[in-house]
Amino acid sequence: MIELENVAYSYGGGELLSEISLKLAPGSFHFLTGPSGAGKTTFLKLCYGALIPTAGDVHLFGQDVRAMTRDDIALSRRRIGVVHQDCRFLDHLPVAENVALPLTVAGADRLEDVANMKELLSWVGLSRRADALPPELSGGERQRAALARAVIQSPDVILADEPTGNIDWEMSQRLLTLLIELNRMGKTVMIATHDLSLIRAAKSHVQARVLRIANRRLQLAGADL
Amino acid sequence: MIELENVAYSYGGGELLSEISLKLAPGSFHFLTGPSGAGKTTFLKLCYGALIPTAGDVHLFGQDVRAMTRDDIALSRRRIGVVHQDCRFLDHLPVAENVALPLTVAGADRLEDVANMKELLSWVGLSRRADALPPELSGGERQRAALARAVIQSPDVILADEPTGNIDWEMSQRLLTLLIELNRMGKTVMIATHDLSLIRAAKSHVQARVLRIANRRLQLAGADL
Amino acid sequence: MNAVVAKVLGFLVGDAQADRVVPPAGFTVRLTLFTSAAMAFLMVFALALSLASGRLAATWSSELDRGATLRLSAPPEQMAAQTAVAMAVLQTTPGVATARLLSADEQRALLAPWFGPDLPLEDLPVPQLIEITETGAGFDAAGLRLRLAAEVPGAVLDDHARWRKPLVRAAGALRALGWVSILLIGAASAAMITLAANAALAANAQVIEVLRLVGATDGYIAQAFVRRFTLRALAGAAAGVVAGLIAVLLLPSAGAEATFLTGLGFRGWHWLLPLLIAPILGAVAYWATGVAARKTLEGLT
Amino acid sequence: MNAVVAKVLGFLVGDAQADRVVPPAGFTVRLTLFTSAAMAFLMVFALALSLASGRLAATWSSELDRGATLRLSAPPEQMAAQTAVAMAVLQTTPGVATARLLSADEQRALLAPWFGPDLPLEDLPVPQLIEITETGAGFDAAGLRLRLAAEVPGAVLDDHARWRKPLVRAAGALRALGWVSILLIGAASAAMITLAANAALAANAQVIEVLRLVGATDGYIAQAFVRRFTLRALAGAAAGVVAGLIAVLLLPSAGAEATFLTGLGFRGWHWLLPLLIAPILGAVAYWATGVAARKTLEGLT
């Protein structure tokens, strides 16, 4: 689905990431860890085409990102659900419409989605806040809404950047369960997190690989987690 | 320092918080927990005068918030350092100037602060990013900058809302150490967090009380943590 | 043609869903609406001024454009012969459209202010006046004077130039001033609307970013904004034009002096001109928002 | 006085630190700068137009204000007597400032266009002309006619009103139009600058919020923004005024027709008027930013 070959990235100073190669196979489940500022968000941005690598190649669904037009990138984003670390919304639309936004812009919102949506919102615990505006949400509610927005279109790949940073343990478990279920249905999942207990909890339910960014390289973390 | 007497708050719907009474004594150390959406941020906002309670009284440094002018509130904020959950900065000023902002607006930035500032930035691991603009920071770096900004003025009270949500375990420990040191110097500290291991780690260094918001009430959590 | 109409209609009706993604209220709305309205209002005034001074200039030039007068003094017995010669000369002069003898009644009317209506014209050595109208190109007054001096010594050519030219030039200057002001206000309007569109788009940077992140294509995003802002600019400009027309109608009610200034306001098909203002400003907004949207989008990955 | 000067100076020099908290660039800068510049430019033009039409109106009214003419026809032997009576009547008519007999030369000059310069005026039954100038209040033409009919039957009063009034009225209308346009453009400028200030402040909502959260007082925040935007509006307006003056100077270079329209441009102390535009627009920006800043701040806790 997403392939990185010998990728490097630099924001202008020294290289932040170097020699990164990775193939995200369909149905795989990855965690991404590393100290704050190591480049987790940067790595995910490379994976969904928001950044173009300064060296090496990235392929999204078989296409080279360098050869993709802006519309190709836009269309590929309909197949990749992303939970951004700083989740942003359209502040003038209620939560429910924000969650449905990927469907709206794809021109694909149909009646049957309404039921899906209700179920999804209740799973992430936002049923009662469906009509609130995003600025009225608490920090954790925003993250849950962002997760719901990322999965509503049932994308092939789900990339989540610290999706539980502001969420309590029980709710984190619920979100994790949702992602594990989606993974069981064949979706590729990658979660960037610094919460090791979340990784441990996941490992008992799913075969997850843990990647670690250290010294600008992507390493496979051992079984010590 | 900060006193809440039988406080209730509602955003317009039902009451979110009810019958809350609390006295933050100088030199005390509190943790605040509760599920996402319980009202932790709301509670902290009541504590620094950003919200006026719908019932009951809040006293900041002996003054009733209802009787305080806008300038009184502004001045009281120079004695309360706040780490907001959604940390915002002046996006056109580099990190160092953002961190020094409370000094700037108080007209109190002097030469000796420069040394302080350097030390503070290096403690929170931002020395190398001091000249970056806030939009160029990673999520965790933003939170660390927000903490630095909150403590630079050495305020009497420090209120931190999920200050470690995006930060790895080791850096969280450093930040906690900083707050514990400040507490030892007599500052009052309150940290809202959902990270129970952080609370556990703190308890071995400092006598911390853990408050919990549940069913709209503020409860003292037992020794089970 | 039908396809174009369908496209314009589709643009106006729009996609209700796409529409909602653009924030409906806020200062950008007020800015766009008010800017278009104010500039449209000023343009209506500038237009009225230009047209009025255009009419004024036309009146002046036509009234004063009677051309020239030939004054023929001769002893009574030679008068008829000299007149015939002068007419022949005039008719062969290039640039002279018509030459006409003034009748005794006409001469009397011209002299009435000086001598009263009962002037016994027949008894006076009154010269014969010949009214000349020029063609567009005009005639060579110096050349004509030379020919007349040779053939009709008693003829004096008065080509009115002394009196007419400054007035016609003044009217022309007034008309030019009107068009300069309409050009200036038009340019300022376009720039201001462009700037307002840019400001509005910059203020909506987060909306554009979020849309791009959830997979909206550039076309979709640009279209949503372009449509919204074009309609706003159109609505504002329409309101401004209506207000301007009302103001123009109310203003010169003061007077019957319309005779000279021909009044501020619109005449005949000129009424159609202010109706063009709103579409033009709308087109500017359409273009400006499109450019600004595409520029903003290109800054995003 | 000194305190005021010190305050204004302090405002202009400002607090270098406080200054940095307001973002220095971006579309709000361009918006404020350009809006002030464009509106100042238009105001210079409107001012030039008003002053020029004011001068035009003044020229017309003074040139045409020659008052009235009395035409006296009488048999040659009675001419002197009748003239004396008429003069006596005129001198006792309230509202008549002066009454003056036209000399033979003057009469000949007036008639020259019709009869040529060699008119034997002495041999003709040419009426005597008396030039009357009115006082500000003017005289009662109908009353004067009655008295003249009784005492000097051969006198005809021609009070020029037919010719003069519409011209003077037209000039007045032109002058009024100039002032209306300056008022309109001024009002639009003020509104536009107010709106730009509001837009700029709304765009900087996050800056204001952050400042408030870190303990800045309302006065500090408002002052930082007010200063920045006032200076920007001043700078923009000054640039617009300079550009406008240059344009005004360049425009009417076309012509010597200045004789009639008296030229677009400024004369004498009128040059001081456009220099007032920038301070006025600056004051508007000062006031508008202050109000907008305080409103924004009051929305924050």
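Going by the order they are written in, the chains are A, B, C and D; count residues from 1 in each one.
Definition applied: a contact is a pair of C-beta atoms (placed from the backbone, for glycine too) under 8 Å apart; a residue touches a chain by one contact, two chains touch by 3 or more.
Everything quoted here is computed from the prediction, not taken from an experiment.
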Labels of chains that are neighbours to chain B and to chain D: none
Two chains sharing the most C-beta contacts: C-D
Chain whose Cα centroid lies at the greatest distance from that of chain A: D
Between chain A and chain C, centroid-to-centroid distance (C-alpha), Å: 62
Chain A and chain D: spacing of chain centres that average the CA atoms, whole Å: 67
Rounded Å distance, chain C centre to chain D centre (Cα mean): 22
Gap in Å, rounded to a whole number, between the CA centres of chain B and chain A: 29
Shared interface positions of chain B, touching two or more other chains: none
Contact graph of the chains (line, ring, star, complete, other): ring
Interchain contacts, given as pairs of chains that touch: A-B, A-C, B-D, C-D
Chain C partner contacts - residues on chain D that touch it in the complex: 26-28, 30-31, 34-35, 38-39, 41-42, 45, 49, 71, 73, 110-111, 113-116, 118, 120, 124-127, 129, 156, 158, 165-167, 169-170, 172-174, 177, 180-181, 184-185, 188, 191-192, 195-196, 198-199, 202-203, 251-252, 254-255, 257, 259-261, 264
Of all residues in chain A, those that touch chain B in their complex: 11, 33-37, 40-41, 85-86, 125, 129, 136, 138-141, 144, 161-162, 165-171, 194, 196-197
Partner chain A, residues of chain C touching it in the complex: 17-18, 20-21, 23-25, 206-207, 209-220, 297, 301
Of all residues in chain A, those that touch chain C in their complex: 45, 49-52, 70-71, 73-75, 77-78, 82, 84, 88-93, 97, 101-102, 104-107, 109, 149, 153
